[in-house]
Structures are given as C-alpha cells and as structure tokens.
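So that you can tell them apart, the chains are marked A, B, C and D in the order they are listed, and the count of residues begins at 1 in each.
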Amino acid sequence: MVAVKDADFSNVDAVFCCLPHGTTQEIIKGLPNNLRIVDLSADFRLRDVGEYEEWYGQPHKAQDLQKEAVYGLTEISRREIKNARLVANPGCYPTSIQLPLIPLIKAKLIEVRNIIIDSKSGVSGAGRGAKEANLYTEIAEGIHSYGITKHRHVPEIEQGLSDAANSEVNVSFTPHLMPMSRGMQSTIYVEMAPGVSIQDLYQHLSSFYENEEFVTLLKKNEVPHTRHVRGSNYCFMNVFPDRIPGRAIIISVIDNLVKGASGQALQNLNLMVGNPENTGLLYMPLFP
Amino acid sequence: MVAVKDADFSNVDAVFCCLPHGTTQEIIKGLPNNLRIVDLSADFRLRDVGEYEEWYGQPHKAQDLQKEAVYGLTEISRREIKNARLVANPGCYPTSIQLPLIPLIKAKLIEVRNIIIDSKSGVSGAGRGAKEANLYTEIAEGIHSYGITKHRHVPEIEQGLSDAANSEVNVSFTPHLMPMSRGMQSTIYVEMAPGVSIQDLYQHLSSFYENEEFVTLLKKNEVPHTRHVRGSNYCFMNVFPDRIPGRAIIISVIDNLVKGASGQALQNLNLMVGNPENTGLLYMPLFP
Amino acid sequence: MVAVKDADFSNVDAVFCCLPHGTTQEIIKGLPNNLRIVDLSADFRLRDVGEYEEWYGQPHKAQDLQKEAVYGLTEISRREIKNARLVANPGCYPTSIQLPLIPLIKAKLIEVRNIIIDSKSGVSGAGRGAKEANLYTEIAEGIHSYGITKHRHVPEIEQGLSDAANSEVNVSFTPHLMPMSRGMQSTIYVEMAPGVSIQDLYQHLSSFYENEEFVTLLKKNEVPHTRHVRGSNYCFMNVFPDRIPGRAIIISVIDNLVKGASGQALQNLNLMVGNPENTGLLYMPLFP
Amino acid sequence: MVAVKDADFSNVDAVFCCLPHGTTQEIIKGLPNNLRIVDLSADFRLRDVGEYEEWYGQPHKAQDLQKEAVYGLTEISRREIKNARLVANPGCYPTSIQLPLIPLIKAKLIEVRNIIIDSKSGVSGAGRGAKEANLYTEIAEGIHSYGITKHRHVPEIEQGLSDAANSEVNVSFTPHLMPMSRGMQSTIYVEMAPGVSIQDLYQHLSSFYENEEFVTLLKKNEVPHTRHVRGSNYCFMNVFPDRIPGRAIIISVIDNLVKGASGQALQNLNLMVGNPENTGLLYMPLFP
C-alpha cells in the first residue's frame, strides 16, 4: 500500500487493480481522481452496500465511489464502461451466467422464477493460495459441489438478472469443482415464457451477439465444451430443448481466467482508453 | 456365443451376463431354465418393449423373458431380486438418481413435475472402446454435456420414478462428461410438496436407509464427493435447502463402475444365492 | 505427545508410529521397552547418525535406539524384521530401487559404479501439507525434476546398496514429480558385470522372488505400469537389454502409499506379531 | 492425393506437408520443383535410406529427394535451412535431446559413450488416432515406459549426435508416457570429458544460445518444468552436477506439439521465405 501511495501516476491514464477482495476499496479511494480503473476484485460489484456487507462480512469502505462504479460486463454495458471512471470487473460465474440470460430476460423470452443454475469450474477459480482443499491429491479424479446456494457470486448474479427483469429475481445456484485447472460451464435450466419456442431463444441470442467478437452462439445442436475456449477470451453458448415441454437448457462456457477475469478486464480497459477492443486478446484457444 | 452354447452349467446356480447391449436377449433365451442370471446390459431394464425398441433402435428379441425380469436396484427391490430368475442390473445414472428419489416420491415428499437432474460422470462409463472422443487428449482438462435430454438412461429413470409415483413422470436429464476415470454425481433440483421441509426429506431418507450398508445419508450439511466412494460399492447422498423457497437440492455420488455396475450386480447375485449381501464388496474407497 | 505419554500400552504388543520426520526419536525413547514398533518416519533409517545429521540437518536424539533399529525392506530382511523391536520402515523411492538392485548386486551381476536412477513419483509422496507447489493447478498437465542428486532418500538408497556390495556405492538419483496422485516408477540404468547377460539378470530375479507374494518379476518384455499396482502392496519389475552393449535397463513400479509406505509397514508388523504376512493387504490394484 | 495433384501452386512459394509417416515421399516427388517444402513427417529425416528402411519397415520411395533434404533443427542448421528446398522437420524427442547435446558434443565437453536419455512425453505425441492405449482411462493417473531402446526416434537422435561427434554414437533412449496432453522432458545423464566442469557446460550452452529467441538456458540451479513452455515454441534447458564425480545431468523441456512439431516447422518456413523467424510464434506459455 505504501508502494501505491508513493507511485507516480502523472503519465498514466488507466490501471488495473488486482488486489484481494476487501482491500481494494481503501486503496482506490487514495488514487488520483482522474485515474481510470478496472478493479478485478469483488469490492465494487454490488450496488447495494448493505448486500455487500451481508455477503462479504465487512463494512464497505468507499461508499461514495460505489455510486460511480460501473459493472463491467462488456457486451451488456459497453456504453457505460466506455465512459466509466471505475469499472467493477465481473466474477467468473456471473459472466458465464449473465451473458446468455440477460438478453433473454430483457426480451421476456424466459420466466424469471425457478431459474436453476448448475455451474462447473476449474480449480484456478480458487486462486493460488496454499489450501489443503486445492492440493492435486484432493482434486484429481473427483468432483463435488460447494457453497451450495451460498456462494458469494449469488448476489452479483441476482443483481444483473433483476436489473434485466426490472423485478427482484432469486436463482438457484450450485457451483461444482472440477478436476481441471481452467474452464467453466454453466448449465442453466429455465422455463420459457408462454408461447415461446427454442427457436425464439436461438434467434434472439443469435441477433443479440451477431456482431460480437468474443461471444458466440454455436450452430444449432452444437454442444459447447470448455476445452474449446481454453486460454481465450471467448464465451461459447447454445440453447437446447428440454424433455419437459416448455422448458429450455442453456449452456455457456468460458475460460474463467480470461473472459471470467483478466481477459474481460483488458477488454474493458481497451474500451475505456479507445483501443480496439480486442487488443492483446487475440489468443486462440489452446487444444489439447 | 458358441462358447456359451457348449458350456456346461450343470453345477452352476447363477451367473453374471456381461455382454454388450443388444446381444444379451438372444443368449439368455438359450440358457437353461433353472440358471439364475444377473444381466449387466440394458437389454432387460425396460418393462415396455415398445419403449425398448424406441430408445435402442431394434426389436426386443426375448419378450417372454422380459416379463419375468426384475429391475435390480437392490435397496429398493430386495425381496423381488431375492426370488428372481433374471435380474436386469440398473444403469449407473439411474442408480445414482433413483436411490434418493424413489423413497421421497413414494412418501409424496417431493413434486414429480419439473425434476431437473444434472449428472456428471467419469469417462469409464463410456466403456473401453477405442473412440477418438474418449482419448486422453480429448477429455483431460475440459468438460461438456452430451446426450442432452436424449440419453438412453432417460426411460429407465422415468420408469422407476413413475412406478414410485404411480403416475407418469418425465424428467429433465443432462449428463456431463468429467475429466476423471471413475465417479458419478447427480445433482437433482426438486420442488418439495406443500408443507414439506428439508428436515422432512432428511428424516425420511435417514430412516429409509438406516440399516443399509451401502447407501449412506451423510451428516447434515456434509457434501458428498465422488472421491469418497471411489472403488467402493457405496452411495453417499445428502439434501440441501435451495435459495428459492420450497425447493431442495439432492446430491448423490457413486462409483459408476461399482455401485453403478458390477458392484451392484454382485450385491444382487449374493442376495439371489443366499450369500451375505456384502460378500466380495468390502473394498474401502481409495483416496487419494 | 502428552497423549502418547498417558497412553496405556499394557495390552498392546506392537504399534505403528506415524509421526513427522524428526519427531519420532524422542517419542519412541519414551515408550515401554517391550513394545514393538514399526516407525514410518525417516528417523531410524540411517545407521550412521552422522549421516542422519548431515542429510536431515538436526542431531539424532535416540542414538542408542538407532543401534537396534532394523531397516524394514521385508523381502530382503525378513528374518531380522521378525525379531526386531524397532523397525525403520523404508522410504518409497528406496523401496522401489532396492528391491530389484540388492539381489543383483549381491550376486555380483551388475557393476556398482555409475548406477543411474531416474525415478518418477505421484504427488502424494509429498504428504498432505498445504503447499503452493502441490496445488492442482501447479501439478496438473506438467512434469519436472526436483531434489536433483540431493533428495534425502539418497543416503538410504546408498546404505542398502553398499551393504549389498560390501563396498561404498554412490548413485545418481533424480526424482521427478508426476501429474498423478499415487504411483512410483524407478527406471534404472546399469552396466552388467563382464560376461553377464540380460537373461542372467532375469533368471536371478526370477528365482529370488519366486515365492514372494508382493514382488513380481513380469513376463519377459512385459512393461511395468504404475497403474497396474495402484492401491495395492505389489511391486512389479522387469529387466530390458539396452541398445548400448553390456548395459541393462531395470524398471520397477510400486504404489508409493502402500508398498512404499503403510502397506510395507503392515507387512512388517504382520511378520513381527506372527500374522500371515498378507493380513489386511489383499487389496487388488484399482484400475482404472 | 488427387487433391494435391490438382492443386494450383503457381502463386505459392512454400508449403507445409502434414501427412502421415510413409505417405509423404511419393507426394512430394509429384510437387513442382520450385516449391519449397517443410515436411512434418519422418519421411526425410534419415539421410541413410537403408536405416530408414530398417526402422520404418518399408522401402524409401524418393531417394533422390532424400539427398537434398535438410534436417530442420533451426538453431543448429539455420544457414542450410534458409537455402533448402526440402526441410525434414525434426521429431519431438530428437529436438529436445539434440538442442542441448549437439553444442556440447561439438565442443568435446562431454563423452559420447554411455549417454543415457530418459525422456517423458505427453500423450499428444501419439497423435489423434483412436487407440485403446491412449484412452483417458488408460492414461490418467499412471505412467509407463514404452519402445524401450527401440523407439523410431533412436536413429534420428544418433544421426545428429554422430554428425556432431564426427564418429558413430549409440545412445540409450527410454521414452515414458505421461498423464498429460502436452509437454516433453528429456533428462540426460552424461560423463563430462576429462578436466571439464559443470561450469564449462553451462558457459558453453550460455554463449551458444545467447542470441536465440526460442532456446533458453535457465539461471543456474533453476529447474525446467514442461508447464513453463506449454503452448509455446520455447525450449528451456539447464545442466546440473551429478553426485557421481565427473558426471552431469542435462534437462531440457519443450512443448512437443510446438517446438517439437508445428512451431519449429513454422520457424523453419519463416526462415526459408525471409519472414522474421518468430512470425506467428509469439504465443506465451499458458500456465496454468
């Protein structure tokens, strides 16, 4: 923190802030007013500071800044991000979930009740801290759920979906830890609105993301694999009819460390400083 | 097949039949009438031969035998298995799904509409055939869904749940392929019946499986991991409250090659011939 | 330690001691004289206390006990172990290396100069401590050497081989960390003694281990795989001709947590108390 | 092949040839004389067609072309490659082995007798063919040696080392299959020439590769990890003193699919057509 205090930002337009959750609020308060910031922590993601305090267990230390923070889901809020001083970069699960759901909810194509989200993440989402639970021997060749309905990304997901619905949305969200380093899949089970078909969902997502470089609706029936986006900033998604009439299954995959973290942060910063949005992001997926 | 024809079964009471799906019906027809059989294929699992033909794409070749086949979910149909001549050993997904759901449906504690099943399986479920899709390089460090709502285990799951409900049940079932050899988890999202609480589900499963050696309801809040049953015949399960009021999340884990295949087959055969049910099955889980 | 002090050993014949390296010496000193002990730590493996202090960086705290400690490589020192009060259970690498080399050195079939040992171990060999280096993300999908020629198992290996040779032996030993939980392979490159053939090595190992339950020389040309001994107390080995005339390649595999640790400890304890040597050890390898 | 015959190469300077071993010779014979080619197969790697026929079990079908083929180890034969019409792109093992050994042998710093090479490769080296041996379930969580001293890369390695030594060199070469998709390590055990020290080896490699972008001698004592070059065209190497006086341990790592295959091919083609050598090759390693 001393280092940050003494740093000379006079020739700097914009910075990333990559500090642990809970430490960013105070540090950003101390930065020059004209410095533009993409914050990778969760510190400014929740508009409601009361909700922040409930889920993160500590008081919010920069409530004034919170008011001007823009939630940085690039394809959804491009204009606001372009002009923002402070961008709260989204979490990995919320990115994979909101990218397909927000357009469908805004267009009233799906019901907002009983949205069931079953997400699967690689271990790198847990960071590089030395915890027994993340040792190779604990993770390899096995899976389990964790933070069932209580993961800290819940309020972030619900904030985005509630905004899109213009009403309060509560979701069922169960993350699972996978024996792999990178990659995230969200399998989302929804009810379609009356009279809506799978084809309608497909068409809407198709036109919504038509001109997007990093979000791709796959061809019909093509199943997204996390390995097809590994190491890249892409989000691949698709929609499938359910066996139960009136229901749909939505699948989206990202690399949790790229589109789910630093890749989207760079995409946002490019947008803020006027770079082509894909600058530094043209890495192809690495397979195998 | 010649080998089977010429075999001398005169001193044999019971056999396993471990042949590929679709080849068993004819072979079993040719076996002596008094020989008792546990069939590990899918050939006799579906009571309705029309349904068999629809999902397996070929006519049923032993319709008379089908009538006497008993579906071998040990803890659910112990008495019928004990006296059966022909046991159709259950599939891996159906085992992991029906063990928690059948008792809850029979007791009318959960609704049978909108049951959402998100299952995850190790690759060994696909057998040992040389397919590009199952190469190490295709599977490691990535996940994907497959057979979305169209997996052949759907009618088997629905048959068991419909029997329990005494009405036709359709489920949403999406299997996922995991980068691991063994292990299977089913994460099941259900609505509780009016007035029913998580505590009621827990209590009912607890007393239902109280005296079972191989099915264990974990302590409250304890999360089942597939690695905790690896190499063993155990099924671990638990129930969790959902964030959406009135809903519950049920998780069960098995080793797909043991309780989901040969382990349950041996358990059934033990039962049929009067051995202690756990004979040959006392392998502890192997962790790590 | 208080717990150990207060324990009542009056009805106990023999115990395992599973404490961290460096803590066992003092504890065992405090145990009743008639209690027989298999110590799984490295504390009593090196006969020369000076060497212990050099490699482990601390003074030996039970030098009297050291004198009566028997190095517990079961198949090599069965008689001594049977009568020992204190057995120092061998390390995993030394077990995999000494089992093939000691009989060949004793029979003067191989030279003791320039023995090159390239070993590969699963991560569980590093224990369950929460270290960044052993996180899933650090280990999966990559390999590296470590402790090159300086691993603490070097003096233990050299002690055994020097005893067999009746002269001082120095070896080249490079361990490698594998992206797997269990399993250990040692690939050993040796010069055969003048006039000796691969066939001679094969014959000698074959007759030496002929009646052993847990050490198996595979059929000619059959390659040992670590996965073929996973979860079991077996050591599989074989010998191969090298392309360079006069040289041989010896390969042995074990499960580092079983024959390389607790399995061999139980085998030794069985021997000490008069149980059949395989009591509790009849687990088949788990594959896949 | 029809496709190749009918192709219009009139505006093409250079091509990659990515066909299976054994099929390339005839195809390249049919290509226009002025077309420059980097062949990724093994078809033109061995200068001695007799040796080709011995190791690959079939007659050489383009013996004239063989005479002009240049073995494409970029950093070793840059000048010849620049002017070559036909470049035989090296195998993955030979690349990882020759890069450190050729400079040391040329400078007479190591002995050429008794070079022991213990190599470890990811499964992608075996290609994408559907073989049971390469299924996830056969590979995960286990290791084994294969092709012991008989792998087809042996003559390719020996050809390069013999050229460097100006005398016939035979090596001991044992490849091992690792449970990972990409990555290759060669651990090489050598005798230093009389009077030579580790420091001499280090200095020589350091100055030899000083200006190379893709070959890096690490800092002293730093251990190369395959994961540090994953997805990149880098070769990292280092030298370590052995415990046995006069001996050294040399370690090199590459990504077998990049520097060990298509990356080096592109590097060679860049060189041939006058591009900057790193064109298209500036991918950073992907970790984790």
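Convention: a residue touches a chain if its C-beta (ideal position, glycine included) is under 8 Å from a C-beta of that chain, and two chains touch if they have at least 3 such contacts.
From a predicted model like this one, the values you see are computed outputs, not experimental measurements.
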Joint neighbours of subunit B and subunit A, given as chain labels: C, D
Which of B-C and C-D has more C-beta pairs touching across its chains: C-D
Separation of mean Cα positions, subunit C and subunit B [Å, integer]: 42
Separation of subunit B from subunit D, taking each centre as the mean of its C-alpha atoms, in whole Å: 49
Distance between chain centroids, defined by C-alpha means - subunit C, subunit D (Å): 36
Multi-partner residues of subunit D (each touching 2 or more other chains): 124, 137-138, 140-141, 179-182, 230, 288
Touching residues on subunit C, where the partner in the complex is subunit D: 113-114, 116, 118, 120, 122, 137-138, 140-146, 148-150, 154, 170-174, 176, 178-183, 185, 187, 189, 223-228, 230, 240-244, 247, 249, 251, 253, 288
Of all residues in subunit D, those that touch subunit B in their complex: 123-124, 128-132, 134-141, 179-181
Subunit D contact footprint on subunit A (complex, rising order): 124, 140-141, 181-182, 230-231, 283, 286, 288
